[in-house]
Amino acid sequence: MKLDETERLETFSDGVMAVIITIMAFNVKPPAGSAFTDLHEVLPRLLVYVLSFVVVGIYWNNHHQLLRSADRMNASVMWANLFLLFWLSLLPIVTDWVGSFPNRALPAAAYGMISLGAGFGYWLLVRTIIRANGRSSHVAQAVGSDLKGNLSVGLYAAGTALAFVNRVASYALYAAVALMWIIPDRRLTWTNPGQSPPPAQSGGDSLD
Amino acid sequence: MKLDETERLETFSDGVMAVIITIMAFNVKPPAGSAFTDLHEVLPRLLVYVLSFVVVGIYWNNHHQLLRSADRMNASVMWANLFLLFWLSLLPIVTDWVGSFPNRALPAAAYGMISLGAGFGYWLLVRTIIRANGRSSHVAQAVGSDLKGNLSVGLYAAGTALAFVNRVASYALYAAVALMWIIPDRRLTWTNPGQSPPPAQSGGDSLD
Amino acid sequence: MKLDETERLETFSDGVMAVIITIMAFNVKPPAGSAFTDLHEVLPRLLVYVLSFVVVGIYWNNHHQLLRSADRMNASVMWANLFLLFWLSLLPIVTDWVGSFPNRALPAAAYGMISLGAGFGYWLLVRTIIRANGRSSHVAQAVGSDLKGNLSVGLYAAGTALAFVNRVASYALYAAVALMWIIPDRRLTWTNPGQSPPPAQSGGDSLD
Amino acid sequence: MKLDETERLETFSDGVMAVIITIMAFNVKPPAGSAFTDLHEVLPRLLVYVLSFVVVGIYWNNHHQLLRSADRMNASVMWANLFLLFWLSLLPIVTDWVGSFPNRALPAAAYGMISLGAGFGYWLLVRTIIRANGRSSHVAQAVGSDLKGNLSVGLYAAGTALAFVNRVASYALYAAVALMWIIPDRRLTWTNPGQSPPPAQSGGDSLD
């Protein structure tokens, strides 16, 4: 038995994202001492890590649902996917940088730029997959107008510019993008094929 | 062929846990010198690593059995799972910290807090999965009253508080939680579907 | 259900390549300061990372297609695959080295040598797989004369020698090999078995 | 569709081994300078890495074949497998240590001890799997008398003791164990189920 082409792409991407998460956590590093005051240095690193963890979690979830509804793949899809993974692989670096200099403009702007790159990479992946599967395909209808995708790219661009004016506003914008993606996802429900139907109490729009 | 939704969640979680284990081992670091006395500095790091390795091993095992008996997934399950992985991803940091300061209160308490977070994350994941699959589902019956899950959360909270009084008692409590999970697991036996029935000499409660 | 032997080889190789990519990104490291001038030190590291990322992406893609068209495996194939992974696992080290000394001959030559090793490893893997599957097999016909494989090995050897004369020419040659692999790949299209036929607008040579 | 229990154990173990390999390569580290003389410090690290890479490659291969012929799993098998992974996860540390002090007795002995632990872990895994599957099972017959497994444990113990007398002899013994495992494996051939029969020119004992 062999896995689907889309399955293979997912497994590889999942692997990269799993390592990205753990490398980011590794970069938080334990405090240099064992007193309460030593926790101060760790706190900003921990907070940015939480944000980056959530961002990767969102990508992992959406990436999975996107590929799941796609039937066809080509080399453009594969390179668009690698392009997205490239930007995500830079996330540990900017997370580390922001953790070291949480009050400086350039790291905050760099965080926005890498997020923008990843957002654009995902936007590109969606378009490439739709082109490979056709406008009337399942995946094209599942994606719809991709309003959130477009909005995210715009908000990350705004956050990057804002970093040179006000760091807090910039970070708040990045966090807002993450929240925008988390909340509506909660309505979706999946059932494994060939399994029993959903029990009555868990209402929700079935995706698959 | 595509994998189940639950299978995908498992693969990703397995990837994260595999990297966590190796990163924790990486943090042990070889001794700075090559004399017997240089082993002293490594010993506490090695001991905490053993504990953390066993903890991750237990989560990997239970996580696997939990998802295996689940048929339905939704976004809440996915986020509860990421919440658990978040706490587990902090385990290498506290393991490293305890290894550096094995006799201090704060690192010992932090180890308990991260363990508590992971224990609560698992407790939450169990509840979210049962809610998605229904109270009469296979997974709800397999979990039962989840006495051990509730007890673990309580013991980790106690160990965290105890760390400010007595480090040894605190570590003993953490190790006791691990032992509590290892021992009864040994009775379970699984058979692959479509395989020959178990031979007579390996008695044990079949799970699947 | 069990996966194919070739599938298992792919999954393991995918795992190694996923970690290689993330370790290389980890080695880029954030700037030491937060001023624009601090970006200078990061730029060469980032550029070599882009090259190495693309190289691993190409190997991942070709490795996947090679194993996909293979039906039979033996221990020689497995060791040839490990030989390829060995050279790829050294890529983060030379990427790091070139990033530290972008204008020196030896790191540039070492980058070429490791690339040559990986290129030879892939060349060997192709031959070993064809030998295991037979000259008339699907995989032997899919590979064809393997002109690009032979050419890559030659170009990497030339780039290694050139490093002692002109670094820029050497790096340009390494980048040219990568480009040679990316461009023609874009015409291929895959369809998952049992799925709907490709829509009319996405013309391309179907591989599977 | 869900994967087999044994498949899941394999995937997790493969993930751990993939990260171990890459972490060991990461520990080799590039030379501190860019002159030929700077290569001296890297050479011993590179050589031990080659040995450790081959050792992990052998475990990956044998582990895969062992689990492939097993039908039944239980919690003892799972913990025996984690016990093996524990020792393998310490391999990067001793590899790093030997690379730093190639001429010292203690690191050479530690390398032997960790190898001995892994060898014993594998020996234990084989026994636990046979116990779970029964003496007349496919896996019990595939393993046979496990002469090589017993011999390896003995040779690693001898190498550990020898390290305090002669380092070169000790390393030679470790390398000899690796060679003993590589050579005879080359006769085996696997075919994917449902595929065409092996072509005539690749004679070899079919395993599956």
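For this structure, a couple of remarks:
The chains carry the letters A, B, C and D, assigned in the order they are written, with residues numbered from 1 in each.
The criterion applied here is as follows: a contact is a pair of C-beta atoms (placed from the backbone, for glycine too) under 8 Å apart; a residue touches a chain by one contact, two chains touch by 3 or more.
Predicted, not measured: the structure shown is a model, and the values here were computed from it.
Here the chain-to-chain distance from subunit A to subunit C, counted in touching steps, is 1. Of all chains, the one whose Cα centroid sits at the greatest distance from that of subunit D is A.
Taken over every residue number at the interface, the positions common to subunit B and subunit D amount to under half, indicating a different-residue contact. Annotation: 36 Å between the Cα-based centres of subunit A and subunit D.
Averaging C-alpha coordinates per chain places the centre of subunit A 25 Å away from that of subunit B. In subunit A, the positions touching at least two other chains are 1-4, 6, 11, 15, 18-19, 23.
Residues of subunit B touching subunit A in their complex: 1-6, 8, 11-12, 15-16, 18-20, 23, 71-76, 78-79, 82, 85-86, 89-90, 92-94, 96-97, 100-101, 104-107, 131-137. The touching residues of subunit D, when paired with subunit C in their complex, are 1-4, 6-7, 10-11, 14-15, 17-19, 21-23, 25-26, 28-31, 33-36, 38-39, 50, 53, 57, 60-61, 64, 68, 182, 185-193, 195-196, 198-202, 204, 208.
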